[in-house]
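In what follows, subunit A forms one complex with subunit B and a second complex with subunit C.
For the complex of A and B:
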């Protein structure tokens, strides 16, 4: 159960060893959120993909080659010390992107964004996208657009919202049924529900009864090696992208393979061997 | 034809010749304006920017013109607050250059934003945590100050000055100009700095991020310092170009030497600070984030160590030393070399702090992203230069911009 009086911290863990790179998460995300597309999608650097799947290899030649597919939604960063000053939120001059302290979700207010794109520059994950063109859909396809998500106009930035409209719908339903709380399965993102391999687990990282919390086991205390980092996983197989920068993402990745975990961040020569077994402080368990 | 408007005693080219010159530059302006309207009506898909390059040529042009326009606030500060009297002979021109630079910067920003009609949101929904908010407020206010500083010079036009009200207004505005100079210096300190802060606070971008003092990263102070250092060099460069085009000596050498000396010492001290900043960033900041300096200068086809060496040594240390050394400062050729290198250096610094930041991969599996601007971006970036040429031409022709012009260009028999 989600206790609405307590601040939530919605997040996800993606099991990279389960991900097959099928792209269902990308398709469901685009469909769910009315993400526009171009007639020619060959230029990927100006395509809008709230959920983007990267293909990584271990760099070894056959027969030792290994491949992993890494789905990358917006990381919904908490910023240094997890205080809500995400890289993008803190720089937006018009308060068009906000950090929800009650949900941990980084929102984008499309009608307030004036398209300066500073947030895009500040995001190291390239999770933010600009509408370079007017959104257009093939004739008749407008009928298939989701009525719960407003399409965005040309000239503004957009990004993954953790399907926030689903959270709103779940809260509305709970309110109608005179419940104060919503169930874990009542609020799930489109990508999590669409993944055929069950690689994406979504829920409240603050709620011990949620599966995502149980898998991640987030350490609520600052990392003794880097005070800016909060919420590090106590599971040695779990990592976050660019964790050392102190962005404190709420998207975690799980892999049994060491080279995959190492690819999640940047390390100086010899550094990985020293830190690879360091995870969230066990003293706080 | 327009002789009644030309300052008394001053010699100017014929009106048809002037008109032809303006028409040629005006064609470039029209080209830029056409590109500008394309961007406004068709959107930013007219550019080659993309989701990796949210900031690109325009933001560089914006930062560069603001940096070189720093000559206005710094010369004003020296003239009106520190009473460096000789600078009264170049302050008008410094203000005009500043006015051109800052009006250009505002225009570029108006083109650069995706929803130009919402530009006012930056004031209405201001986020006090954003460096860009500080930039917007200080930039707009300082442009107002520059306009106020420019007005007395406009009112000194031969015909306007005949109107008693304008004559007295110009006189009285000169009298209180110290207040505006101080205000301008204060505002400039913050907007030049906050432009540096725009990069320095991006803690998700190891190439940009810097530690700092309280809320201000070191880039905040480096940007202000560099604008104060290289801005006067740009004023000297444009003065030199104007002298070459008009074929006249417009400012006495002692004034030029003084401003060059001040610029030289500012550049040298700035470069020392920049070198310290670079060393600290190399050995402390980026290793703590898992990066080596080679990550930022290798494995791509453009950004090599050459850019770092060119910016700091060739276009930083060298012009600084040339300008603080008396013999090279007073030699017109080495002085010109120094101010050209200096202007290139500060523009290169702004390039690095905008475009290289966007180019560098941060995620270990990401790749370098290079970019070539579209013709629309280039045309709109050239637009301010053409506009500047026209405004300087008009100001030179019709306003008493250079107080020493008549004295320096008296017929030989009268001397």
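For the complex of A and C:
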């Protein structure tokens, strides 16, 4: 094992102005993580997509309509105050999902899960999926399965792991090469490497030399308006989904368009104008 | 023995103590937990040494470099190859899902022969002797020109090998499927002369005027276009997208300009007229009645006229013309959607004329008039008397569509045998019913397909090809790319099934035919052939995996010939007179040509495109009188009718119906087939006079509640 004492906080920022909705991230994720497929995948509630690309529209009529695509992996919430009490972790009776305080990654241990699905109810982002059926591959297709991720069985919940096995592999390599730390490019998720538009930036939010930190500029202090919110971006163009809930996701979104940023949460009439210019304080730079 | 109170209690306590200390209880709990955690039916992938192979993906004309991760030689993941001159690390979803094609349920696992309605397995030896026997009969009859061939493209050594085979056999009836590449070649030929093609320097242009080109819908070399598009923000470059529907490209563009379907050529000529009138053009080597062209566009394509045809306001057309002409490095790009559907030469030529007038030819960020790839040196085919005689006959048709028409129009068989390679005309051409009908008129159809798709189903014999992961092949770049790269697809594993490289199959067939045909194919294997015909570049190709032949603007200012356009060829009209217009939609997550989409790709398709087995049609709520969102409707065109679901979409022009391309397959693959309808079933071909292209951009339609 590598004795890296520093607490990492892996996260990503997705540039929604660059995202084309092409679907490469979804397929890269599925093929990296042995996600199965079935005959009818058009019922999206039971279609297992750790990474799902949503289509957002501004709701205006022709020809003022605008469309934006929003990829949604697991948000790897830090929970209220960013103390590791993620919504799903808090409710799991089987300790099948845990918050990694050294990585900020929310894990999912399939063999511990007994399928109560409390976590699915608790997750505000629909990032968790239940295996209603055993996975089935057409004859011979099991041959492309990767040994790095165990295929799941009927009755358990699964979700995005930020490709944790890639982190493990990178650490193993560093240990073998007698290095204490891993480089930024050594640990990248399958979606980030696949994106042909370069819309996904992944790295350690705690590490100022990582690109993701430089783009997001997270404010480490609690939001004065809402003490539960920590790590708000100092960039006014960056937002998180349902940020005011205080789930403290580690997935940030970037957009130049105001209506897209507004779509990241539900606002009462007039509420948006009060908060739209409120972002992480720059006094802590 | 008497059981008294004392011994009863003693025994009881002893039992309790015994159970508590005994390991049996623990053992049983442990066993039961192990037992409940056993899922013997869930596969356990075997671990092993990790290696990476580099190759080139050939699923589409994009030809991206790929890196294949393997575990003990078993491929488990495909990713984009860093540093490859086309995609530099990026990959599209079809390429990433490439491993699924290896084990696709429709894969043809051995050579097949049709017996009645069913296919039966035969050995390669039997298959080769069967096909070469039939071919020998055709030659014996003295009309070798009755062997025809359809491939997906004309470039690359496998396509050239098919052509070589036909030449040695004595037939000139070699056809390629309509593709962006073929349209660009034709455009370049019309405006600049033979042996040229066009490339568009999107990554350096500061103003891209796209006439419906789906830059992020899979146009050209998709990943290359994605990258060029994504860097737009940093380069402060603009993209104006002109099309009737808010496609992903339009949504991502700086401006979306809705236009009446099928009037793109009129708009392009209208912009030409403005540029000429306001003296916003740069003179070039204009030949062939340039003055006549100027007079023609001033008269026929005045701003007011064009505004009426296209539905774009006159002042907006003038604004676009000014912005385009005044940009530093403007480029106009043709090819609606992926650029491989119904397209017209008039439209391509008119749009490319904008590049000629803006002085963008062979300039950084502009349009490149590039020489065709000429790295292959095939030996001259040796022709005997029969072949010479066949070669003297005129080609039956000028395009696949014309071939289909001729076959259906004649009572006598005009084609005795047909080779089909890497193409699915019975699915991807307009009105595939007529294509199947034409195929049935051919006594002997040989398919080289890897999959039992709609066209392979019509074949009499299938000589199955290896997939791109199991074979070697050269992959010249094409499809509007502004650089010339030759890639090498290399096998990353042994063939999973009893399949061969199509080149090897052809060489065996030639050897089976003996005589001059065998002499023309003196190679032992395709690999040997590849090495000899690519002799000039083979060393670097096999060492580096690719050869970068050229990049950056080609030298010289090419001549521009206005003869074709100055005669004002007529604009294509959609078939029928119904009130609405149905247009096909290219969606990045589906494919309209061979091979069809993978299960993973289908999984990503939105439920606003496909729900269950129902295809969803887009309609503007303003047009959808009496229809309900998510309700069923019957869509009728002059060619056919289909039951569809409705999706109210504010991002499509009123009066237009949008239906996705790539669904409605009928082959035996439950993950991909029998979902929705094939939009081509509802659209008939409209042949453009002069070019012979099927230019049907859509069709008139009506829709009513089902």
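Keep this in mind: the second predicted complex is superposed on the first by the 282 of 285 C-alpha atoms of A that agree within 3 Å, B and C clash if a C-alpha of one lies under 4 Å from a C-alpha of the other, contacts with A are read in each partner's own complex, and residues count from 1 in each chain.
In this text, a residue touches a chain if its C-beta (ideal position, glycine included) is under 8 Å from a C-beta of that chain, and two chains touch if they have at least 3 such contacts.
All values reported here derive from a predicted model rather than from experimental measurement.
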**Prompt:** So if we stack both complexes on subunit A, do subunit B and subunit C clash, or do they fit?
**Reply:** fit
**Message:** In the overlaid three-chain picture, which partner chain does A:224 touch, first (subunit B) or second (subunit C), both, or neither?
**Reply:** neither
**Prompt:** Between subunit B (first) and subunit C (second), which, if any, makes contact with A:236: first, second, both or neither?
**Reply:** neither
**Asked** Touch check for A:268: first (subunit B), second (subunit C), both, or neither?
**Response** first
**Message:** Taking the superposition on A as described, I'd like to know which of subunit B and subunit C A:30 touches: first, second, both or neither.
**Reply:** second
**Touched partner set for A:118, first subunit B, second subunit C, both or neither** = first
**Message:** Looking at A:60, would you say it contacts subunit B, subunit C, both, or neither? Reply first, second, both or neither.
**Reply:** second
**Asked** First (subunit B), second (subunit C), both or neither: which does A:90 touch?
**Response** first
**Request:** Check whether A:42 is in contact with subunit B, with subunit C, with both or with neither, and answer first, second, both or neither.
**Result:** second
**Prompt:** So after superposition, what is the minimum Cα distance from subunit B to subunit C, given in Å?
**Reply:** 5
**Prompt:** Where on subunit A do the contacts with subunit B and the contacts with subunit C coincide?
**Reply:** 43, 47, 134, 153
**Asked** If you look only at subunit B, which of its residues touch subunit A in the complex?
**Response** 43-45, 49-55, 112-116, 118-119, 121-122, 124-127, 129-133, 135-136, 198, 201-206, 287-292, 295, 357-358, 362-366, 369
**Asked** In their complex, what parts of subunit A are in touch with subunit C?
**Response** 17-18, 20-24, 26-28, 30-32, 34, 37-44, 47, 49, 53, 55, 57, 60-63, 65-69, 111, 134-135, 137-147, 150-153, 193-199
**Complete:** Counting only contacts in the complex, subunit A reaches subunit B at residues 43, 45-47, 54, 56, 70, 80, 85, 87, 90-96, 112-118, 120-126, 128-134, 153-157, 241-242, 244-247, 262-268, 271
**Asked** Which of the residues in subunit C end up touching subunit A in this complex?
**Response** 37, 39, 41-48, 71, 74-80, 87, 89-93, 96-97, 99-100, 102-105, 216, 222-223, 226-227, 229-230, 233, 246, 248, 251-252, 256, 258, 496, 588-589, 599-608, 610-613, 620-622, 650-654, 670-671
